[in-house]
């Protein structure tokens, strides 16, 4: 919502005018502009049916209190859950169970579905992956579906539902013509769709790490691997129960989902299964990273020992030959020879070459037999 | 309960007075002070309804025997389970099955729920984590819920239920206005809440060990890792069946839980699931510790071998060159040269430098290829 | 279909003539040739019953639009799913749910079965294994079974269904005499049969890698192992849900499968179970590859260290003996001896031999005891 | 049964007298002594009700054949299953299915429960742990519960049921006053109780091995670990199905268990769950042993290489300096100096000290960084 | 069947006579000899009831075609499944579903049970373990149970059913007096019994390999371990579904099994469970082999490095001392001493001894601390 921050006074006036202009006649784009208030505020409201739309955003609790529902459907979105008094009031208005309000405010919940008869309550998680930090940040999104309203509660504005707002604003859009369950589907769908993005970014980081492990293993490789593993597990862990949530929606025990919407929820359910599959593949890939790392550490140890062996071997003939000609025997071969020292050097070199050749031959033989 | 140890005489008197003052009129804070005895004793009793509260603590079995129930609800808490005669008497009074009494006295039980028709019997575990010893100490807490009473049995006073006592003492508190099932919920909730504390402390110790493993791996690293792992397993192992216990409470086959309390128990159930999730994440993290340790051991071995290689390499030219000029050939180059020895030293240094450079080049190359 | 690419004009004409020649009399091979158009086109159509067969292939949407069903059964196969308009039209003609069309176009689905009452919708995967690349390429094949039609959608022509076309063209073939469910069975069967081929090729690659790991372990062994593992997992992952799909077909809730066809689908189901068994065995075998690799790396390290030990041991006596006779003591044994230096050399050789023997003895002893 | 071995003649007489003295009047301790025969024999019989008890032991099949049941309940215990004829006869008398007899004689069965309508047949395992051999020896115990009899079959006398016999002999004991199901409970309970003993002894051996692994790892550590692991698995494997057996008893489909006995069986069931928990903890602990062993092997390798590095490093300066002053240059520094050799020795020592210091500094640095 | 290969002519004659001699009177051993033809042929037939038995073996399809059933029960055994025409004919005669015939001919099936209403079809696997090759060879055995017939199909004669034939030939044997379900039980029982033999032989090979791994680890130890593992998995994999097959028999949905036979099938089922238990124990044991191997490889590496350290250490003093006395200082201690060289040698030996002692002390200390 790119409009500038409004002055509170005008907000109040607009809202009241919105209430005043309650009209059942088909709204045009004019009405859209005139009545709908798009502002950066804590509470956003869409009051709509196929023909009408009132979009409001309240900056204070008082304003919203004075507003009364005018059309068939009602979507209330709340950003920032720190004001308990707001939650209290919403709870009373929509007759929510106190535990629902508590669950909304406590953002450490697992995804779940609770059927309260009149309404169903969903807790979901949305994720954003910060690639610079390799950090997966989760946000709890609570949804309440009633017969003619949807409530959504987010910790902070993430732009996740912007496209849905756009679709709602379009007069005659499919979303406008369907019920609250369709809106719920749109919200859940946009949450699940984002998982694919996050999983992809995570997968790219895993591949980057794999390349680095092979090219130039970092000192703290195991920690980096474990960090990625944990991020992946956190993601998987939050998405896994969403499967159950969606199959709970599909059971539709409260009867709030219309038969024609069920295939669409089944579709989201399948997306969930698909993303879990992707994360499972990712888990296997991350599990392989440790093998790759350990194998490269082993190879390095092998190479270190090989270098040591080669150095030792290369200089072994020198020890023997210079030692030999350094002995103080009265009679020694070659000592009087004018180029004796040169012959010794030749011997050193030839000896080193022979030993080195033997070493390499042994190395190749072992490789074939082991 | 910070009051000093009372003299037994006064206890007896107070108790009798408590029985004498049986009053159905709404009690105020005065009554609270006058009648309620909060002392360090084995048996504590809350006899209450929304308007009345009698709080007693008995230091002997005889005293309690003489007391008779006066209000709607009854909470008997017993600290210290060594006196079988006490248990016997309580068992007879509340008509408990002999096996229930046995299970209470045997503190090695798994958490479980048993439905005896008239009452349900719960065995739970409470934990305290001693960070200095890295030791997780469990305590068995047995609870019995009847239609109008709750019995709780603890091994020792841990202050776990103090806040519940405070809430009960407040006239008009929610807890006072609800039934025995609400009290049971409060007790179970306070037990489950403490798990979060213990899990957090354990998690901090795991992170500390992780840091130490990286900075300066202790000699007995594997044992420390295994110790933490075992503490974690013990915790998880005790909490896992509590999930079942709570889902048993939710099935409510005995009908002792009122419908309006069920969401609250479902809430505790979810806390249980959540803490198990946290412990699972912790288990993964502890599992990673061994990888980190093994990787750091491997790195150290690599480094040891590398040092050996470097030392051997650095001193190899010296062996050749000093050996060479130590040979007794009659004709040798440089021997007569005035600075011959200096040239030899130069040769040693240059040779060492060249070899070392070759070594490092090989090392880098290997790192890239492996 | 080996015929040359036709000119569009003749296609149109042929199709119209096909519509003109609608005949209920038994078709012979003449009719087959005359009416049936086998060309490389996007849409292929078999309109048949036991006695008649019209085989058409349309190069444009318009052509197909003008064609009307003439016989009892109808098989429409579509290659290439990029033209949404084609899908749209087919969807309308066969009254498919919009989500079915979406699922067909989105080729990243897991295999699944959906029962839409009038028809069932199957998503399957076909595989081809490119051995030069060691790459397993999957293709999504969507099937729709109605009471008297089968629709099949492939991403590209793979020749997978060629043999089925041949069987259909044979007058009086079993396939011709049975219903749409028999055709579906033939399609599914040909897809599942190809899995055996792919699994076999993968198994051969695993065995080749195993041989190479033993003979001459490649540098990137772990990566090669992991690559094969991932291909295997991808395959297994796609085939696993097909089991469920087929058991869904066997439940036959839509009643589109005739009783006499069920044993044949049960047969395909068992082939699926069998291929999963084969892939499980393959998974174990690939899992063993890493053990083999690590063991061969360990053996190589052992051998490196052994060579180092042998070199060090062989040259140790030389260091002592040449050093000894290089000392400047005024009185030394053997120095005056004419063959002293020869004795020293003998001593070096004997010492080396003795030490080497000790080394080998120790090595054998250790092998026995460890 | 501490009585001496009786002479057969008296046995026969006693048995006949036992049959003669069939009395329905309440028996006192006198009757207990007079009628009950406690001898080391194959077949022991308790024929009792609350007031009467006839305890017999038969040394031959013929004797037992002549005996006829006199009181309400009947417990027949058989030690040693080698005589098929005995089993045959018992089978006919109690109308057991031939397969039950076969299962009793074949002592390699898994624990199981079979419901034959008139009676239920239980196969259980009892264990004894021989700590000197670290060997877990199992014995199959078969039990048959009929409406008024219990049959028990053991491979050899182990004293397992002695305490139950004592309780039966006590006039007025609970066991006497209850039915056959109570006796079955007592038998099963004594079997399950012994598991705790065995598990504890095994746990002690595991801890002893853990201490030894740390202090002085034995050569065949892995084999010892695996041996303990296998003993533990054997134990666990036999106890695991007993859980099912007991839950089968709790289902009580044959109706042979009275409602009031069910809580007692539930108690045994929970002991079973508890012992499985203990074995699971033990399994984890044994699993950790291998990690501890491998880590200690790694540490030893590190230490070996470190010693090698230190030795090589310490002696490296000596090689350079003695080699330097051993060179035959005509002009060399220090050679003429009176204490030249002493300076050289100093140089060697200082060089070694510097290198050693560098080594230790590198070691510490690496420890911090890795 | 130890009789010699018959000439075809006599076979035909015998068969026809068999048909001629159709008698309902009780057969004695004479009839057994006279009518029954036991020869090595493809098709063997037992046509029997409690009193009569006709045993025939056909060498050609034509012969068997002419034979007509004469007694109550009918067992047809076919060796060698290569002749499709034979299968065709049998299929028609017993009215088998075409897929059953296909499954019989395709010997790569998993064990399974199929209920075709009139008859049930079982696919089982029999195994033989070739210890010289360490190879587990499976054979598919297909069984069909009808109301009054059993068909069995084997790939080759293995003597597996010989004892059953013997029991059938005995006049008045239990098998003769019972129905076709009893014969099926005998066949299945003999197949399952053989598994125990194979499992035992495999277990012996595992123990042999374990001993060899400890005494003298073979070069390709990991491959040998993996080979045994795979054989074990193949066995387990084939036996596992037989459990389901037997529990399918026990469900007895076709009603072909009489109630009195069910306990016997339950017995076979339990044998199956038992053999799977044994294979699970074997699997654990094979899994331990790798640990033993890796531990022994580690020990060998440790020993190699230790030898290297000892050699380096032993010769280090010689390097210093001979180097020292080889220096060309004008003034050196001991050089003029008559036994100077001897003192130097002593110094070398003492130095080596001291260093070696230090090494061992360090080694012991490390062993204690690690």
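Here the chain labels run A, B, C, D and E in written order, and each chain numbers its own residues starting at 1.
Heads up, the rule we're going with is that a contact is a pair of C-beta atoms (placed from the backbone, for glycine too) under 8 Å apart; a residue touches a chain by one contact, two chains touch by 3 or more.
A quick map from chain label to UniProt name: A, B, C, D, E = Magnesium transport protein CorA.
Note that the coordinates shown come from a computational prediction; the quantities given were computed from them, not determined experimentally.
Path length between subunit B and subunit D in the chain contact graph, taken as the least number of steps between touching chains: 1.
Where subunit D touches subunit E, the two copies mostly use different residue numbers: shared numbers make up under half of all numbers in play. For the pair subunit C and subunit E, the distance between mean C-alpha positions equals 31 Å. Between subunit A and subunit E the centroid-to-centroid distance comes to 49 Å (mean Cα coordinates, whole Å).
Each of the following residues of subunit E touches two or more other chains: 214, 219, 296, 298-299, 301, 305, 308, 312, 319, 323, 326-328, 332, 370.
Interface of subunit D with subunit B (complex): residues 214, 263-264, 266-267, 270, 273-274, 277, 281, 284-285, 288, 291-292, 295, 298-299, 301-302, 305-306, 308-309, 312-313, 316, 319-320, 322-324, 326-333, 355, 359, 362-363, 366-368, 370. Chain contact summary for the complex, subunit D toward subunit E: residues 97, 99, 102-103, 108-110, 112, 114, 214-217, 219-223, 226, 229-230, 233-234, 237, 290, 293-294, 296-301, 303-305, 307-308, 311-312, 314-315, 318-319, 321-323, 325-328, 332, 334-341, 344-345, 348.
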